[in-house]
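Heads up, the next two complexes both have chain A, just with different partners, chain B and then chain C.
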Partner chain A sequence: MPQGAVAATPGLQSFIKSLKSTPVEPSIEHLISLLKRRQIRSSRPCAIATAALLLRVVGEVRGRDAGKLLRRIREVGKRLTAAQPREVVVGNIVRRVLGLVREVTEDNADTDTNANSEMSHSFHAQHDSLHRPQLSSSISTFSPLKNAVTEPLDTNLHQSDISESAEPAKRPSLQTSHTSYAQSTPMIGSLFGLFSHPDTPSTASTPTGFQSPAGKDSSITALNLDRLADLSTSKVDLKAEVLDGIRELQDELEQSDDLIAANALDHIHSNEIILTHTASTTVQKFLLAAARKRKFTVVHAEAYPNDHTATHATVLTGKKRYDENDDAEDQWKPLTAAGITVVLIPDSHVFAIMSRVNKVILATHTVLANGGLVAAAGAHMIAKAAKVHQTPVVVVSGVYKLSPVYPFDVDELIEYGDAGNIVPYEDGDFVDKVDVDNPLYDYVPADLVDLYITNLGGHAPSYLYRIVADHYRAEDITL
Partner chain B sequence: MSDTPNGGAVQAPALAATNESTNRTPQAPSRDQNVTAAIPEESSKLSPAELKKRAKAEKQARRAQAKSAGPSSNQEKAHPPKEGKQQKDQKAAKDPKQGAKDDKSKALPVRRRPSQPNPPAPKEIKKETKKEQKPATGIFFGHLYNQPRQHSVVGASKEVHPAVLALGLQYSSYIVCGSTARMVSMLLVFKAVIQSYQTPQGTSLARHLTSHHLSPQIDYLRSCRPLSISQGNAIRWLKDIIIKIDPSTPEFDAKRELLEEIDNFILHRITVADKLIADNAAEKIKPQDVILTYASSSIVEKTLLQAHEKGIPFSVIVVDSKPLFEGKRLAQTLAKHGIPVKYSLVSGIAHAVKDVSKVFLGAHAMLSNGRLYSRVGTALVSMLAFSRDIPVIVLCESVKFTERVALDSIVGNELAPAEEILSQTERAALLPLKAHIPCRPNADSKDGEEAEAGTGEVISWFKDVENLQMLQVLYDVTPAEYIKMVITEYGSLPPSSVPVVHRMSTNI
Partner chain C sequence: MPPKAKKGPSDKAKGGEDEREDPLQAVILADPFETRFSPLTLERPRCLLPLANTPLIEYTFEFLANAGVEEVFVYCGAHREQVEEYIKASKWSAVSSPFSKLELIRSTSHSIGDAMRDLDARGLLVGDFLMVYGDVVSNLPLESALAMHRARRAKDKNAIMTMVLREAGTHHRTKAQGISPIFVIDPTKDRCLHFEQMPNKEQTHYLSIDPELLSDNQELEIRQDLIDCGIDICTPDVLALWSDNFDFQAPRKGFLHSVLKDYELNGKTIHTHIVTDHYAARVRNLHAYNSVSKDILSRWAYPLCPDSNLLQGQSYRLQKGNIYKEEGVVLARDCVIRPKTVIGRGTSIGEGSIISNSIIGRNCYIGRDVKIEGAYIWDYATIGDGCDVKQAIIADEAAIGNKCTVEPGAVISYGVKIGQGMTIRGDRRITRAKRRKEDGEDIITGEPNIAIVGEKGDGFEYQDPESEDEDEVVDGLVPGGPLYTMANLSLSVESISTLNSDIEDDEDDYHPQRSAAGSFVSIGSTDSHASEHAANFDHDAAASIYDSLVEGHESANVQLELTSLRMSTNASEHQVRRAVVVAFVKRIAQLMKAGTSVRDAVAQVFGQHKELLDRTMFDKDLSGKVDQVDFMLLLQADLARKENGDIILLSAATKLVEMDVIEEEGMQQWWADVKSCEAEEMKRVREKTQQLIDFLEQSSEEESSEEEDEDEDEEDDSE
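Right, the complex of A and B next:
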C-alpha cells in the first residue's frame, strides 16, 4: 500500500501497517491520537490495535526484569485508557497482558521454588488461588479475587488516583486466619509484592514506578530476594513467553467470533424469528453459522442515526465496513444469500414487532462485571421490549469485551455523539434553539439479559463476575 | 359496472393484458376470464388457452391487432392513451379480492386505477407487481400489502372533486398528517363537495348524495392513504346526518343545513374539545416539570403552549423517529415560544426518559380495550416511562375513540411505502458500497449502472435482493397498563373507561 493511501484514511489498518516501521514511542502516540480522534473506535479494532501495540512495547523492553516490564505495560496502558476511557476494551487488553506477565513470572518462580523444601507447600496453595485458571476450569473456593472483583474493585474504580499499594495493603486483612509470614507474604501478590510492598515508602509514593534500583533493593525481603535471584537466573525467557502470550491473545481476538458462532445451532432453531440490532460482525457470523443448517427469519433494526449505514451495509453485503485491502482474504456474504429472510425495520418498530419475535440477539460494546452491558443506543429499549414480551435476550460477545468495570455511574460509560447526525447543522434555526442529544451507547442492566454467549460458551449474566475474575488479576484492575 | 357498458371493447384489453401478464401470477388469465365472462365466446376460447400461455399470447396478440385496427403496435406499448378505460378493466381483473367482491367494491378499483394509461404508468405497474409479490414473503404484515396506495391525481375518476384531489395528494405526501388534521381537512373539503352538488332528477339528496357523490370522494381519499379512525368516525356521522335529512327539504336548504352541521361538528368535537383538553392538561403541568412527548400532536402542542403562557416554568423533551420526523416541527415551535426543548431520537429514548416527570402523548385513536393506537414508537416511550413510574398521559378527543379493539400492532396497521425507510442522505451514504454489492444477474453492465442516478440505484440494490424486505408501518398499539390517564373533553379518565366514553359520545 502506498504511504499516501494510508495517510488518507487513518484507522486500524494504517496503524497496524505503520507499526512495523515506526519506533515504539511514536506508535504509542499514534494510537493515542487515533483513539482521541475516534479514528479507531468500537471494541474489536481497539482491541486489535492495543494488542498489536503491546506486542511491540513488550518486544522493545530491555532486560528480563519482570517488574520493569509490568511498569512499562502499565504506563502505556494508562496513557491509552486516558486517551479514550470509554473504549473499555483497551484497558481490558492491557490488563490481560499484565496478567500474562504475572502468570509467566509466577510460573517461573513456582518451578524454581518447587525445589525449596518448606516453602513449596504454601506457594502451591497460593498459586491455586491466584493463578489464572485455564478457561472455565474450577477454581478453589478460597479466592481473594472473588473479593477483589466484588468489593475493592468498586471502590478503586472511582478513586483512580489511589495508590496501587492500597489494595495489597488491604488484602491481608481479608484472611484473618493466616498469620504466618510464609502465608501472608505471598498474599501480597507474588511478584507484585516485590514492587508494591506496603512497607516500602518508594512504591507507595510512585505507583507507576520510576523507582531507583536502590529503592527497590532496599525493599526486598529475604524471600523476595531469593525469588528475584531465581527469576533472573531462570532459563525461561520471560519476554518470549509474554510475547507468545500476546500472540495467543491476538489469536483469541481473531477466533472469538468463530467460537461464538459455534454455539449458534444450540440457540437458533428452524423458523424462528430473530431480532437483532445495529451492525455487528459477531452477530452476523453467529447468524450465518446457524443459517448453514436452519432457515429462520431475521428482523434487523437499523440503529438510526449512528449505525444505520453500517446496518444497511451489513444487510446488503454482509460486512459493515470496508477497508481498502481486507476484503480479498475472507469472502463475506449477506444473510440473504444464505437463504435467510431479512426484514429491515426502523428502531421505532421494535415494540410493534416484538410480539412475533422468538429471540433477540444483541451485539455489545462492553460487558461489565455485574452482567450489564453497554451496547449501541437503542439496545436498552429493545431489551426492555423483549422483557415485557417475555422474549429471551441473548448477548453475544467475545471475552475480550468483558470488563472488570462495575457500573456505579452508568452515565460515565455513555458516549455522546455528533448531534449533526440527528439534525444537520444546515438547519441552523433548529440547532440554535433546541438541544439535540445523540447518545451513542445504551446501558442495558443485567436483569434484561437472559444469556451471554462468549467464546467460552453460554453464561448466565449472574455468572459473569466469575469469568471476569478468571481473566483479570485483582492487582491490575486499577491501571 | 363499467365492464358491461363497453363490453365490446373489453376483449381487446383483456387480451392485451394477458399478453403482457404472462410473466405475472398464473391466476391472472383466469381472472381475465372472469371479467370477460359477459362475452361467452371469448371466454370459451380463453379457457383452454390458459394451459398454453405462449400460444395463447400469440393468438391474442393477433386478435388484439385485428380488433383495434387503429393503433397496430398496441400491445407493445402496453398503455396506449386511447385505451385508458379498457385498461381499467384489466387492472380490476388483476386484483383477486376486488374481483371477488360485490358490485360496489368492484367499482372502486375501476375508478381509481386508471392511472395506467398515462405516462407515469410504467412506474405504477412496477409498484403493483411488487405489492403482489410481497404477500408471499411479507412475514408480519402480509395482510396489509394489498392496500393500494396512490401518489398522483392521474386517472382519478372524473367524479372526484378537484379539492378532494388536492387533499388526497397532501395525504399521500404527508403534508396533511395527523388524524385530527386529516379529519378536519376532509370535512372542510366535503363542504366544498356538498356545495357543488346538484341532486339529479328523480331522486332525493338524502338518498343520492352519500352513495353517488360522496363515496367516490371517500374512495379516492382512501386510495391516497387509508382513512384514519377519526375520519371514519366523521364519515359515519356525516352519512348519518345526510340520511336523516327529510327528502322533502329543498335542496338549497338541505345543503345549507349540512354545511352548518359540519361546521358545528368541527367546532364541538375538535375546536372546543381541544380547548377543554388543553385547559385540563395544562393544569397537570407543574413548575420544573420535564415533559416528554413523542413525535408531534397538535393537542399536546396546544397544551404545552398554554401552560407556557400561564408562566409555568417547565421544559420539554421531544422524542422523534424516522422517517417523518414530525417532532422536529413541534420542537421548533415550542423553542420559538421560549420553552426549553431537548430533541432526541427514539434510539436515545432510554437516556431521554431519565429525568422526565411526565409523558404527554397524542393519539391516533383510543381502542375500546383501553389501548392506545398511535405513531409507531409510542409504545416504546410508554413502556420505558412506565418502568420508571413516570405517568403517561394521553390527550385525545373523543372523536378518535373507536369500538375497535386490538391486542397487538400487527393485525390492524397502516403500511408505509418501504422505500421511505431510506432517506436521500442514507442512500448517498451507501454509495461507496457499490463495488461490494453481490453481483446480480442484470448488473453485468457496470458502466450502464453508473450512468443511473446514484441514490435511485441504491434503493434498487435493496429491492433486487430476493430475501430482503424493508418494513415500515405507521402505528403501534400501546398496552393499556402503561397509560395512567386519558384526558378527553369529557374529563380525565383511566384507559378502561374508553368504551364508555365512546358510547356516550356516539349517542349524543
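Right, the complex of A and C next:
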C-alpha cells in the first residue's frame, strides 16, 4: 500500500513478529485462528509458522522428561491440524519434530548403553531391543564425539519415557547403536547428503555392520564416565538438541527450493517446451536455475480463477505481488528477463498445446504417501492431458510437503473456496439459483506422475513411501 | 499483537503527525435498536442469534480480526448481560485474542444516535475508527479502503467518513428488500453527494436531488445497486457531528442524509468505497437472515463457512453438495439429506425424513417422515413425526408435535410448544415471552393461545407494538413481493421513544401545522431539514422541561436549557410552545393525581414560570395574537384527551389571563379561532371555559382601560 496502511492484514509476517513477544499459549491460539481464517495459507507459510511455533513450544517445556515433551508437541499438533486439516503440512512439521524428539531420546539411550556397557554387557542387548532403527536423516549434525560429550544420561528416566510413549519400542532392531554413529559421521551438513550418496543404505533397511565398535566404545565410555556424575545437564541437552533439530528443519524449509533447483539442469534441456501451472515459487526457481544455462520455452497455464492474478504477476515480474517474503534477496527476475520465452495460456488450452510440450512441471500443495498429490485446481486436468500425450510429468516439491497421510477419502483433502471467484456475486439471479463449486485443489493420482523432485533428489512416485518412512515415525502418523 | 505499523517515516510526514501509531479501533453496535427480529430478540440479543449455527457477532469479530483491528468497543443495548457473558467466555477476550483491547460499553442509549453521542463523551476513540454493526458478515480485507480513506484525509481534513459498499446488481437476494438505499456519487472523487432511502413501492419512484448537485458536478452516479453493509471508516469528527446534532438517530437516514445536505454548512464530505469482490452484508432483518445464510452455505462468504469451525468446539465437515455435518450426527438409514444443509452435533433425524436447504442446530430431534425445506432450526428443537416445515425459523427448545405443518414465513420462538396436527400459518410469529427480558429477571410468559398452538401447546401469537413493522418481518423469511411501507423508516425513531406517548399522538393531530412551521423555518434559515428534527426536539424539550418542573428548577434555568435545545435543533417557536404545553400539562396531571386541587396545581405550575411562558410568545404588541392563539390551541388539544381536561383548561386559561401571559384579545381570538371548535373533543374540552370568555367580553365592553383589576375580580367570579 502506497500510503502506509497501518493495519496490515494479519498473516505470516505479523505472526512471526508477534511470536517473540507473546507467550506460548496465546501464540498457539493465534496461529490456530490465523489458520482458520486462512490468513496463513498454502504449504510454505504454514510450514514456516508451524516450525517457528514449535520452536517456541519446545523452548518453553520445562523438565527433562522426553515423554512430557512428546505429549506436549503432540497436543499442540492435534490442535493445529484440527484447525485446518487440509493444510497437511502443519501435521507434517509436527510429526517431523516428534520424530526429532524420539531420535534424541533414543540416542541418549544409546550413549547410556555405551556407558553402562562397561559395567554390564548383559544390559546391552536389552537396550538395543528398545532402540528403533536410527533415522539419521533427520539429525545429521551428530558426531559421535559430540554426542558423547554432551549427553550424559539418566537411564531409568529415559527408559521409562520411551516405553510409555512409544509402544513400538519393543520392536526388534535391525542394527546396533554403533552403526548409527558410524553412519551419521559422513553426513554432516544437510539432509541432502544422505541422498546424494545413493550407496549409503537406508538405515531402515540394511545394517552396515560394525565399524570399529571397540575403539569408539572405549573413547566414549571414558568421556562418559566423567559425565555420569553430572546429570543435571541432561534436560538442557534434550531440549537443545531438539531445538537445534527444529532450526535445522527451518533451514531445510528455507533451502529446499534451492536444493530442488539444483536438479534443474538434469531435467530441463535446451529447446524444450515446458508446461507449468500456478505461481509456485519452487517452480519458478527451478526454471530460473535451468534458464541460466539453457534456452527453452515455458508455457504457463494461468490457474484461473483462484491463482491467476498471482500467476500473471509472476509472469510479468517474477514475483507474486503479495508475496510474504519481502526480503531483498528474494527479488528475482521474471523468466523473460533470463531470456526465456514465456507463453501464458488459459487452462482450457492445455490439452490443445500438450502435443507440443516436452515436459510438464507441476507444483504441489501436498504430496501423499501413495505418490499421489494434492495441487492447485487444474493440475489433474494437465496431468491427464499429459498422460494422453505421453508427456512426462515432473512434480517439484520440498520434502516437508510429503505427508504420511494416505488418501482414503480424496474429497476430504479438497478444499472448496470462494464461489465468488467464478461467478460475480453481483449477478443476483445467478447467485440465487445456481450453486457454484470452486475447488481450490485437485487430487492427482500417482499413476499420472512420472517423477518427483524433492530437495533430496529425484524419486519415482512408487519410492515415496520410503522417504515417508525415513522422515516420520510410524507411531506419529496418527497424531 | 505488536503494532503492525509498517509505514515508512516519509509516509508519516505526509500523513500528518496526528495519524501516527494509532491502533485501528472499531466500534461494534451490538444492538441496532430495532425490532425486526421480534419476537426472537425478546429473549436474546440480536447479535447472539445463530447464523449457520454460529452467533452473529462471531462473524463481526472475524471480520474485524481479518481487517487487523486492534481495539474493539462493543456497544450493548438490550440484553447487555447476555452479550457480556458471551464475549467474556469467547476466545476474543482470551489472551490469544487478536484484539489488544476488547471493551464492552454499557450505556442507556435508546438509539444509535445516543450511542454515538455517548461514545463522543467518553473520548475512547483516538484516531480513525471502524464503525460496524453486530451483524456484519464480511470477508473483505479493508487495507485498500483504509489506505484510500487515509489518503483522502491527508489531503482534506474534511473527508470524515468512508462507507464501504458492495456492488450487487439490480436484483439480489442479499440487498435490502423493502427500502433501497440510493447513493448519489461523484465517481471522480468517490464522494457521496446525496443519500436517500427509497421504499420499493410502485408509486414512489422519485428521487429529489438538489439542482446544485447537477450544476456543480461534471459526473454523477445515482446508484441503487449497492449493498450497504454498514461498515464505515470514521474519523473522530463524525462523533463530534453526532454530538452537535441532538436529533440524529439513525446513521444513514439521519446522520448521512443530513450531513450531506448540510455540506454548505459544515463542509464535511463523506466518501464511498465500492467493492466488487469479496463478501459483505448485514443481517438486518429476517429476509437478510435467510439470504446471508444461503450465501454462507454456498461459500460466497468463504472462508466464513461452517466448515471453518470458527467457534471453538465446532467440527463441521463439508461434504459434496455443500452439506455440512458436525461429528455425532445421528441419521436414520433412509433419511435423505439434500444439498445446502447444515446439521449440528447430537442431532438425530428419523427414518424417511427429507432435509433440504436447511440449517439444523445441535441436539435437535427430528422425527420420522418429516419434510424440512429451507428452514432454520436452532438448538434443542424437537420436530415430531410427519411434520412439514418450510422456510420457517424454529428457535431453541421449541417443540412441534406430530403431523404439524409450518408454512413458509412462520417464526416459532424459544420454548414454544405446538400441539399435534396443527397448521402454523406463514404470517404467524409465536412466542412465549410477553416482553423483552430485562437484565436478571426471568422471562414473563403469557397465557398460551390454544387456538394457535393447539392442545397442550404453549405460546401465543406475538403482537408487535409497532404494527407497521409487521409486514416487513413477515416478508422477512419468505421472499415475497415488496410489502414495505414507509412506516418502517420512522420506526427506528418511534420505537425508541421513552417519553409519554402523548407526544406522538399529538404529533398526528397537529401534523399539518407542524410541517408548515417546519418548512417555514427551512426557508428562513439555511437549515432545510428542520421538520425532520421536529419529533426529536419535541421529545427532548418536553422531557427536559418536565424534569425541571418536577425538580423545581428556576424558571431562568429552564429557559436557558430550552433555548439552547431550540438553537441546536433549529426548532420553531411553535414547537417550543408545544413542548412547554406538553410538559406543563403532564406536570399538572401528575400533581392532581397526587391529590392537589386543580387550582393549586395550575397555580403551582404556571405561576412559577411566567417568565418562561412569556418567552414563548412574541406578539404582545401586535393586534393579531397568533402566538397566543397557537399556545391556547396547543393547550386545548393536549387537554382534550386528559381526564378533567375541561376543568384544567378553565383554570389554566384563567390563570394565564391573570398572569397576563395571554392577553384578553388573545383569549378572545383563540375562542373565535376555527380550529378550537372544529373537532368534537375540542369543543367538549372548552365548554367550561365559556364562562371565562363571557366574563372577559363583558369586562372589555365595560371598562377596557382597567383590565388588570378586572382580571382579578373576574377570576374570583368565575370560580
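To be clear about the criterion, the second predicted complex is superposed on the first by the 343 of 479 C-alpha atoms of A that agree within 3 Å, B and C clash if a C-alpha of one lies under 4 Å from a C-alpha of the other, contacts with A are read in each partner's own complex, and residues count from 1 in each chain.
FYI, a contact is a pair of C-beta atoms (placed from the backbone, for glycine too) under 8 Å apart; a residue touches a chain by one contact, two chains touch by 3 or more.
Please read all numbers here as calculations on a predicted model, not as lab measurements.
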Three-chain arrangement built on chain A, chain B and chain C clash or fit: fit
On the A-aligned overlay, A:Ala240 touches which partner chain: chain B = first, chain C = second, or both, or neither? neither
Touching A:Ser355, do we find chain B (first), chain C (second), both, or neither? first
Could you tell me if A:Asp347 is touching chain B, chain C, both of them or neither one (first, second, both, neither)? first
Considering only the touch criterion stated at the top, classify A:Val388 as touching first (chain B), second (chain C), both, or neither. first
After lining up the shared chain so the two structures overlap, which partner does A:Gly378 touch, if you call chain B first and chain C second: first, second, both or neither? first
Which chain, chain B or chain C, ends up touching more residues of chain A in the combined arrangement? B
After superposition on the shared chain, which partner residues are touched by A:Asn438: those of chain B (first), chain C (second), both, or neither? both
Between chain B and chain C, whom does A:Glu29 touch in the aligned arrangement: first, second, both, or neither? second
Just to be sure I read the superposition right, which of the two partners does A:Ala460 touch: chain B = first, chain C = second, or both, or neither? neither
Which partner chains sit in contact with A:Ser18 here, chain B, chain C, both or neither? Use first/second/both/neither. second
Superposition-derived minimum Cα distance between chain C and chain B (Å): 9
In the superposed view, which residues of chain A touch chain B and also chain C? 429, 435-436, 438
List of chain C residues in touch with chain A within their complex: 1-2, 4-8, 11-12, 14-15, 21-24, 62, 65-70, 91, 94-96, 98, 139, 141-144, 146-148, 150-151, 154, 166-175, 225, 276-279, 295, 298-300, 302-303, 308-310, 315, 317-322, 339-340
In the complex, chain A residues that touch chain B: 273, 297, 302-306, 308-309, 312-313, 315-317, 319, 322, 327, 333-337, 339-353, 355-356, 376-378, 380-381, 384-385, 388, 414, 422-423, 429-430, 433-439, 442-443
Under the stated contact criterion, what part of chain A meets chain C in this complex? 1-10, 14, 17-18, 21-23, 25-30, 33, 36-39, 82-83, 411-412, 416-420, 424-429, 431-432, 435-436, 438
Footprint of chain A on chain B - complex, ascending: 137, 139-140, 318, 321-323, 328, 331-332, 335-336, 340-352, 376-377, 379-380, 383-384, 387, 408-410, 413, 421-422, 426, 429-430, 432-433, 436-438, 461-462, 465-473, 475-477
